Each structure stands twice: as structure tokens, then as C-alpha cells.
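Two complexes are shown next, each including chain A; its partner changes from chain B in the first to chain C in the second.
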Partner chain A sequence: MSACFDEMKGHDGGVRPPYDELARWLKEVPPDVLDYRRREAELLFRRIGITFAVYGEADSTERLIPFDVIPRIISGNEWRLLEKGLTQRVKALNMFIKDIYGAREILRAGVIPDDLIFRNPAFRPEMSGQSVPHDIYVHIAGIDIVRVDADTFYVLEDNARTPSGVSYMLENREIMMRLFPELFSRHRIAPVENYPDELLATLKSVAPLTAGSDPNVALLTPGVFNSAYYEHSFLADKLGVELVEGRDLLVKNEIVYMRTTQGLKRVDVIYRRIDDDFIDPLTFRPDSILGLPGLMSAYQAGNVTLANAVGTGIADDKAVYSYMPAVVKFYLDEEPILKNVPTWRCREPEHLAYVLDHLPELVVKEVHGSGGYGMLIGPTASKIAIEQFRAKLKTAPTNFIAQPTLALSTCPTCVEAGVAPRHVDLRPFVLSGSDRTRIVPGGLTRVALKEGSLVVNSSQGGGTKDTWVLDG
Partner chain B sequence: MRIRISHATTYHYDMPPNGVTQLLRLTPRNHDGQYVVNWRIDLSQDCLLHQHEDAFGNITHSFTADGPFDHLAITVCGEVEMQDTHGFVKGAVERFPPALYLRETDLTLPDAAIVEFSEAARAEAGAGASALSVMHQLLANVHGEIAFDTTPTQTATTAAEAFKLKRGVCQDLTHVFIAAARQLGVPARYIGGHFYRADGVTAQDAGHAWAEVYIEDYGWIGFDPTNAICPTDAHVRIAAGLDYLGASPVRGTRYGGHGETLTVAVNVDQASQQSQSQSQS
Partner chain C sequence: MLSRTADNLYWLSRYVERAEYLARILDATQRLSSMPLAYVGTSNEWESAVLTAGCATAFFKIYDEANEENVTDFLAFSTANSSSIRSCFEMARSNARAVRTALTMEMWDQINGTWLELQRYGNGPTSREELSRFLRWVQESSLRFDGSAYRTMLRNDAYWFSRLGVYIERADNTARILDVKYHLLLPDNERVGGPLDYFQWAAILRSVSALTAYHWVYRDSLKPWLVADLLILKEELPRSLASCYEAIVRNLDAISGAYGRQGPAQRQARAVRTRLQNSRMDGIFQRGLHEFISEFITETNSLGGAITEQFLI
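Coming up: the complex of A and B.
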């Protein structure tokens, strides 16, 4: 893995300009000071109580996500390119989702095969022919980006369902400012603290026409047992909106109300962190007790906005992802600014044959998977694991895609033995309102803490870093 | 013939609820061979009924009734003029291309046994048999394999579970038929409706259900595995969906209260006969 691009040292070992100050500082700072600050950071995170849950582990419902104190730095020029690419991509995503629930032009043009959409569990036939306020479906998108050299960024996946992680972006910045004020005084770093304001402005901008001048926004959570509950309560608090569960709401004559101590109060926009399946037992899973019965009727009547819209998960499908360059061209008639990772769709026999022949070199993922669960990383997998995966692939090829193993960029990271390069990715959050698109500079950087590991997901032992976009 | 239908869904509560929210799919639409003469929905509680069309083209009504009340009755009645189209469904509201109806749902997911069962029907129909012949074979096989029995299954029973039990109601037979048809690559959908019985029994405990499949060059064709026939002028089509849940007549929830008992009374009769007998008396 020595060939991979280090964001501080590049390929040749010299320091890249955005990291000048940081490199100097890292040289100056005594190791025990760095270690002390690291422990202090951990203490702060514990005190704040920022935790997450890992599904499938018996005894720990909540755990601390590791935080690395060395920031990841992106230059102003690099960010401007990313920003342009992200805006373009999310615009195309919105047009795509509107189209597949509307005129289905992209299917008629033969750009995407019918069955990939129609037989996809993430496609919601119930949304077909229904309009949503302001025609916006993906209000909050988390686009995962990886970098392989100085100029090349790839989109690794699109998260258009309910992207999480923004609370870490905000907390990381707050803690860094507290622990390393001297570093902040040496850099001009674009702020991220305004994210809650930007999110609230976005949510209010997409209120239905029936709402008053100051729309009422609520955050709908599945409750304390959800892995991202901390984030739900954190965001509701920062946004200054009510954190509600299904039982706090009710639908009357196709209008959504919230029970308050002063009686019922109308809700115009629901920032929902509940999956489609559970959101309304009268339309989706009848056994769901998390959602709000009748919500879909209110939604279809145009009396409430759901952010994100129901059915946006279709864009998270990794086989659908593989068509994104064509999707961008189809709707915008532009070349995609951000590249897609070359992807083999195992649903296609030629692709499958290639994948089966090259398993030890490839990364194989489930099309509906997320969080790093259920994937194979060929180069690091054992022979047995590869053979087991081969069998899975042969039984249900449509469930998988494969990609080359990318040499993800690395960033300097605090580890047991001092400071060493570790692989990172980036999840910027793109907000689409009826007025404009808003992107807070940076996003959440995730880091694979194990040497050589390419898996950055927190559920698989990844950590996070503060992400600095330099002004100018 | 003209068919008169009344369909009453009544809830009784030991402890009255504070409110009830429901979504109804109880209203038929016109298509070739089916003309709605009159139709009405009555609720025992005063409330607004909001009418919409769902994504599949079904007419829906939603309402919220404020409690407390000790019972809630939803009654629909009306007359529909029917003609036999030999199972062909034309002129219906179609919002999706047939390809959508290959979609699997939780209730219609085929297991290994259903896969084997569907392959057997294909083999039995003979080499080179048309899709239509295979569907007729499947119709006979489902009817023969699964005995009509109202005891062992309920609304949440899946096709695979019913197939294992070898018993079930029209919903179960229809789910098995749909699961097998889709497995064979034939788009299939669930139809909820009413059935006029030729044997003179007009009072029924529930509505009826059957399947429709899409055959290239013919279009949508109905298959009623409970009766082992293609629908005739005795089948009044109310709602279509991917499975029972998408076409179910009443989906609802209640706030507060408990001790709910549900009774369903359906009456399907020939309107002309009834008026004749009335005029004779």
C-alpha cells in the first residue's frame, strides 16, 4: 500500500501546500502533549455522550466512536471543485427520482433497465404519480467521496435515504477548537457551525404551500433504540425543533399534528429519520409501531413535507449507482464532474463472469448494503472467505456489484506508535432547498484506524477526524 | 347481469377508543364489462371522507373519526352492471407497465417449494406450451393443491406459509398463484373484489380475491384459483395491488380503547332477480 497518495506528503514525501502549517506544528509539538490532548478529547466525547450503537453485538448498545485529533485538510481550490461536482450530482439525483416516480423517461429511453427499478425493494410503487412539495425529493444527501491522487476524487456511494454522521462533523469541530486553539489561529478554516441554520432554512424552504410564513418543523425519530438516536436528539436540539416519535403525532383530516401541552399544533415539515417501511402502517408494514398511521394520506394530499421524500432509497442502490454518470448526462446534458468508481454489475452475465475470475483483486458489495456490512475485500480476504463469497455470488448475483480495490488516500493519524498514515474517505452533506443548494464546507472524514485497512465505517472500527477546508 | 353488493365492516369496542384513522379501498371503477351504476359509503360516525386515487389507480378514502364511540361501522353498497369478458381485463386504469408486477413482496415471496411447484406446472403444460397454457395449468394445480379452509390462515399469512399448510382462503390461494406466476416470469397482481355465487348463497363472511396475469399479445387476464376459473360476470373487481396489503379493503389504526371485535358481512346478489321478486310479491 506504499503506492497510495498521502494527503500531507503526496506521492514523493514532500509536504503539500495545504498541510504546510500542520506539518510544521506536528514537528514542533512534543509527543506527550499530543497524547495528552488525545486523551482529553476522548474524555470530552465521553462527557458529551456522543455514542453510536453497533447492530449485531450483544453487550454494547452504545459505544464511543474513536476520534483522531489530527485534522484532515482540503484546500480552497479542491473544495470548489468538489462543491461543483456535488451540486451537479445531487441535482441529477433529484431529477432522477422525480422522473422514476413520474414520467419514467429514463426508462423509456433505455438508459436504465426497467427491472432494476421496478423490482428493486427500495423503489416505492406507492410514490408513483404522487407529487411532492417543490418537486424536491432528496433534501439531505450524504455523498461518500474517496480520493486516489492529487486530482482524482471518486464518488463511492450516494446516501439519499437518511444519511447520518453530521453530528460528528459538528462535534469534532467544537472539540478541536477547544483543544487546539493555536492551530486554528494559524489557519483560515471555513466554518461548519452554521450547518443547523442551513438545514433549518432548507427544511423551511420546502414546506408545503398550505403552511404559514413560519413553517413548523419536527424531527421524527424511531426512538432510543435506533443506532443514530444520539444524532437525532442532538440535531433537534441544534435546530431548535421538536424531537418526536410516531406516538407524539397524529393525523386528522389529512393534516399532521403534534401533541403539545397547549393542545394540537400543526406540523408542516417532518425531518424523518425513520425508514420508509416503518413510516405509516396503513401504507407500508402494517406491524410498524414506530410510524404515524395516515401520514402517507397527508403527504399525498400535499399537506406535509417529508425530508427526505419516501422512495429516495432507490438512489442508494449500488447497481443504480453504477448508472450515475449516464444519469447526469441524461438529465443535465453535462459530463459528470465527480467520477464514479468503475463498477461491475453481477446481474449481467459477462460482468459476473469477470468478477468470479478476479475475486482476489476486487471489492464486492451488496447492492442494498450499507455501513460496510456484508462486503468482500478481495486483496485482504482469506481463501476461505473468497470461496464462501463466490458461492453467495453464484446463488444471488443480482444482489452484488464489484469494484476495483482503490488505493484510498491517507492522512496522518495518531496511532499507538506515534503519527502514521491511515486511509480516509469524506462524507459531505448536500442540502437541497426550494431556494438553493447549501453545502457546508467539508463534511465528515472517516478514517480506518487499523494499518492498511480500507474500511472506514464506524461499525467496522473506523474513526473520524475534523475536516478543514481552507479559505482562499 | 346486474349485481348488488353490500359490504359492512363493523368494529365493537369494550373500551371506546379516542379516535380511529383508516384507509379504505372499497370503491369499484369502470372498465370493459364492469359499469358501476351506483355506489356509496356510509360511516356510523360523523367525519370527512377524503377521496384519492392511489398509485395503482384504486380509489381510496381516508378518514379520521373522533371518539369515544363503542362501535364503528363502515358500510358500502351499490350496484354494478357486469358482462362476461372471459377473464380479459381491458379499459382498466393502468398506472404501471406490466414489468412492475414481477416485483416480489413479503407476502408473495416464493420459497423453494413454490419454485418447484411453479416449475412442475410449466413441465406439466408440456414443452413449448404458451404462457397462457402454463397459467391455466397453474390455476388447476393451485386449486388442486390447496384446500379451501378458513381456519388455519389469517391476513398476514404468506404464500410460502399457506403453501406449506396446503390450506387457506381465497387470499392464500391467490398469493400462491401470484408467487408462482412471477417466478415463471409472468407479471401477476392481486385483485380484491366480490363474487356472485351461482348456488344462491348471497351472505358471505368476506370479499373475494383472485389474480390477474399479463400475457404478451393478450394483456391482463384474470385467474381465480379458488374457483379454478377465469373471472366471469360474477366477479366484481374493486382494487388491484401487488398483494393483499396493496388491495386490502380496510387498513386502520385506533388511538386508545381496547377489546376490539371485528365483524364483516358481505351480501352479493343479482339486482335484477331481487327487483323481479319484489315486483311479483
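Coming up: the complex of A and C.
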């Protein structure tokens, strides 16, 4: 761990240029001021109601994600590289999903094995041969990025289903501006507040051709009990669109309507925050009461756009992820700008053998897993845990991939004992419209608050930071 | 707007208004019950409080007799009572959470702040001082919420539906006080009891925050028929039946103006308002105060139903 790269101090302990001002400021500011502001921030979060729910914990239905008041800084040059890489990757993702549900050229070319797609639970046969408006599938992508040194960024995961966290990106900035106006006056920081406008423009650009000139967009939420409900209501508010639940909608003659105080109103674009499984009980899980019966028929008739499209989960699969460099090359004939973390696919015998031999030094993840659940972090796991995992791995190797334990970069963070380095990752949000790709500079930085911990997920005690992309 | 959003806004306002009303009843009852018997007679004020709150059936399912302790608990803190102050604030907040997008930041801040603060009161205050503070806090919370809605909401259908909730609830509450206490308000010759009732009249006025207003309107000492006149017919008094219906009609008119069509709710509300405008107290006494009020309560319930039917589902 000692060898890991600190984004403020680099490897050698000097101060890297983007952090000049911040380092100076950190030296000036009395420790109790930081602590006081931290508590003030927490109060603000609670008052605004920026909470999330952790499933399976009855007594704490609404919790705060810890917020760290020290920002994470990315230079303009670093960001330009990330932006190019993200645009390239999401473009390839969209072409890949269109191909998988269409001509399947990538399978015929033997780049990806058939069974990885067809036997994948995230693959939706209902989408085969089905076109979607403007050929865009992943309208909103959250690409998780980690950094290991001054020049190397890796993509850790692609979230092409319903990535969340953007409300924290926006609220963190608002709160930082309230708490540290003097710090903002000492930096030139690219704004993120235009994200809702960019998102709305993206969603309107992908309306079906049958929609009018001003398409009606709605945000579909599973409801107040969903862990990300705050974000859903927050976004609907900023977008100025109705926040609907399944019961607010109905389908008549393959057209989706919402029930309003003035009768039925047609809905053209649905930004849905419900998983495929629950979206239409007539097509998918019949026991779902969250979705809208008949939605898929309207979708297949081309009368409504779903963002993201049905079936994009295939790209979230971690075994599919391992082929992304090849996917980029196949569709764009370009070298991938953002690297993948080297990945062993346990479905392949040689890979499995290697993984089984090196468990104590690897991170092993479930291919369909998310949220940091069900993974093994070799270097910190007990012997017993490793042996238990070995047994799981042998029974169902196709369910797992393994990666080296990365020395994730660290950022200065407020902890009990003052300011100390903690590991971080970054989730930028990439918007794909029919007109262009939009990325607001920055994203959500998640930080593992426990010393040495590499797990940044909020469900596992991770916190968040404001992410500053410096202008120029 | 979404029917469900309108519904949530409407109920959010109703619950906040109801919480304030319950706090006023408890406040007035506490005053009455702490007076020497020689001034207020021997009636059980706590039972009367349960009746005015409109939850007698639920109350007597649990308790045999009404006293300060169990009524205060039931009306203010009980989770078993779906209309206690606590339950009202809980439901107001969950309605607010479901329609955050339709609330202004200030409104959310108020209702969420109230809800957070409510947790601090736990299972209820341990002393009368603390209870008084609690009741005052409930009224202030309602005022702050109402004020934030009034000062920050866009004047569109969301605002009108939230106002409708306030006035329907308020009309219902004032009518309930009248329904329970009507016998105290009958003209002199019909009344049994005599000057003992003076403090009862004051308590009635206090529960609709109209004690000072009374003196400004009539410049007279408390007379039961004037108390009735103030609470039923005086449009100047914000909690009178007439004033509530003036506001209900105004908000329904605004909605139908914006939507470009009229409906049954508006027609019903107008009919009640016209009758209130054309009534005089002596006429109401002649036909029977109790009958008048019972009919009013039924009509207001039916108007609530019509609003739901027409807009909220």
C-alpha cells in the first residue's frame, strides 16, 4: 500500500501542480474549522434529505452517505484525456449493444464467445431484431475509473443499466460552494450545474419520430422505498419533468399515457430508474407491481423511448467487460484510449488455474455483481474466507472474474486523526443523444474512508467528495 | 400535473392543518381543565376534546374513560391513532417525500425539519411545561409550513390543490368544534347552564385562534350567538365556515380557469358558499343549529369526495 500514488503528493511527497492552492490552504486552515464545516455539511445533507436506504437494515431506513469536505482535483489536461476516452468507450458500447440485438457481427467474427451473450441473464431475447429510436441504447452511462499513477487511468466497470450517483455530484458541489466560497475564489473550476440541462437535451433528442416537436419526458421511479429515491426526485425536479410511478401510467393502443389532473397525457420518453426485470409484468417478472403492464408493447411499437434501452445490462457483465478493448477495436478500428484492468475470466480453464493459484493476491468479483457485494479481496481476506471462496469458485467458475489488486490512488481526506490519504475512484456520467455526446467535467468521486480500504461503495461505508476539474 | 402529485399535495396540507388544530384543542382543553370547577362546571373536558378531534370511536376502543393523560397521549403522540399529531406529521412528511419535485425547497425544509424535530420529543413530554412547549411548537411548525407555501410556491395548480387541502380541512375542523359545542352556543332562552359557559365560549374561540378577533369584530363581551355568528358566517375570520368556503371556491375557480373547464366539485362548493352568504344567524337558530352543522359536515365530506373523484385519481 505504501507504493500507491497520492493525487496531491504523487509518489515522492512533493505537491503536484493541480493541488498547489489546496495544499497551501490546507496548511493555513485550522483543523477545527475543517471539522466544524464537516459537521455543517452533514447537517445540510440531512436537512435537504439527501439520504439513501441500505437494503436489509430495518432500523436505518434512511442514511447519509458520508461527505468529505476536501475536494478531489483533476487537471484540465487529465480531464481532456478522460473525456476522449469516455466518448470513445461509450460510442463502442452503443454499437456493441445494437450489434448484439441486431446483426451479431461481433459474434460471427469470433471476438466474443456466443454463450457469454446468449446464456447471460442480462441478455434480453425480447430485444432481438428490435430497433430503438436513433439506434441509441445507453443514453446515460456511468463509467467507473480508477487511477494508479500520474498517467494511468483504468476503467474498472461500465454501468450501462441505470447508473446512479449523479445527484451527489451536483449536491456536493452546491454544498462545497456554500461552505468554502474562499476556496472557490482561489481556483478556476469547471461547473457541473448544467448536467440536468444536458440530460434533458439528450432525452428529448432521442424521442420517437411519432412524438411532437416538444416531447413529453417522464422519470419512472420504483417509488419512495427505493434506495435511490432521493436522486430520482432530485433529478425530476431539476429536469422539470414528472416523477412517475407505474401506477401513474397506463398503456392504451400501444401508447403510454400518464394520469393527470386534466386527464390522460401522452408520454414520449421515459427515463426509467427501474431494472428490466420489473419494468413490465406482462413481459418480464409477472409479480412486479412497480412497472407498467404493456410498456414493452408500446416500446416495441416504437411509440416510446426507454432510457436506457432494455437489455443494456449485458454490458455491465464483468466477463463482457474483459472484452471491451477488443470491442472498441472491432467497431471503431481505434486503440482504446482508456485501459481495462487486466482480467482473468474464470470461465476459461487456464485463467481459472492461475486464479486458484494466486487467490491471496487477487480481487475476485461476481460477473453479475454490483455494489461491492460478493467479492473477495485477496490481500485483506482471512485464510478461511479465501478457502470458502475457492470452493465457490470451483463450483461455478463462469460466475467469476479476477483482477490484480490495484494500488488505487489516494486523496487527502478528513479523518478522525486529521487529514490523511484515502483511496478513491471516479464515476463520470456520459450522455449519448441523437445529436452528440455530452459529459460534464467531473463526476462522482467515491472515497474509502477506512484506512487502507479499497471498497468505495456507499453500501459498504464509502463516502463521497466533490470533484474539481480545473479550467485550462 | 400528475393526479397522484395533486393528491399528495392536497393531503400534505390537510395533515399539517390537522396537526395544528389538534394542538389548539389540547391547548384550550388544558386551560379549561385547570380552572376551578366553580368556573367551568363538571363536564369532562377531555372527553369533549376527543369528540372535537373526531376520533372518539378509535379512542374508546382502547380506553374506558377520558382523562388528561390518555387524551394527551392519544391526540398528540399515539402511533395507534392515525390522526394524532405525530401521525399527521409522519404522513405529511411521507406525502412530501413522494412529491418533492412539486414542493419548493423551503416547504421541504420546513416539513422535513419538523419531522426530524418530532423524533426528539420521543414518547411525549414529561411535564405540563414541556407539553405546552410542544403544542406551541406544533402550531409554529404549521405556521412556518403554511408561510413557506404561501411565499414560495408558483401560483399554479400545485398551489391551488395544496390550498384546497388547507381549507377543506379547516372547514371540517371548525364545523366539528361547533358540532360538539353547539349546545353552548344556543341563544339565551334555550340555553341551560348560565354564566358558567363563559369560559367554554372563550375556549371555543381560542381553539380557532379567534378570541382577540372576536373583540375586534363585535366590540362586545362574549355572547354565544355572536360566537356562532363569528365561526359560521363572518368571512373576515380565517377559520370561519364562510371564509373557508370563500377560499375553496376561489381555488377551484383558479383550477377550472387554468384547465378551461368546470366540474361537479366547483358547483358543489359554490352552492354551499352561496347558502352561507345568504344565511343569517337567527334563521339558522330557527331551523336548528345542530341540523345546520350536521348538514354542513356531510356536504364538506361530499365535496372532498368530489375533488378526489374529479382530479386526484
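Structural remarks
In the analysis below, the second predicted complex is superposed on the first by the 471 of 472 C-alpha atoms of A that agree within 3 Å, B and C clash if a C-alpha of one lies under 4 Å from a C-alpha of the other, contacts with A are read in each partner's own complex, and residues count from 1 in each chain.
Please note the rule applied: a residue touches a chain if its C-beta (ideal position, glycine included) is under 8 Å from a C-beta of that chain, and two chains touch if they have at least 3 such contacts.
Keep in mind that what you see is a predicted model, and the values were worked out from it rather than measured.
In the superposition on chain A, A:405 contacts neither chain B nor chain C. With both structures placed on the common chain, the touch criterion links A:236 to chain C but leaves chain B unconnected.
In the superposition on chain A, A:119 makes contact with chain B only, while chain C stays out of contact range.
When the shared chain is aligned, no partner comes close enough to touch A:380: not chain B, not chain C. In the superposition on chain A, A:244 makes contact with chain C only, not with chain B. Residues common to the contacts of chain A with chain B and with chain C across the two structures: none.
Considering their complex, residues 46-49, 223-224, 229, 233-234, 236-237, 242-245, 247-248, 258-262 of chain A touch chain C. Every residue of chain B that touches chain A in the complex is listed here, in rising order: 19, 21-23, 48, 50, 52, 54-56, 60, 62, 64, 95-97, 99-100, 102-104, 156, 242, 245, 251-253, 255. Every residue of chain A that touches chain B in the complex is listed here, in rising order: 114-115, 118-119, 125-130, 250-254, 281-283, 286-287, 293-294, 297, 300-301. Chain C meets chain A in the complex at residues 1-6, 94, 97-101, 105, 108-109, 112-113, 116, 157, 161, 255, 259, 311-313.
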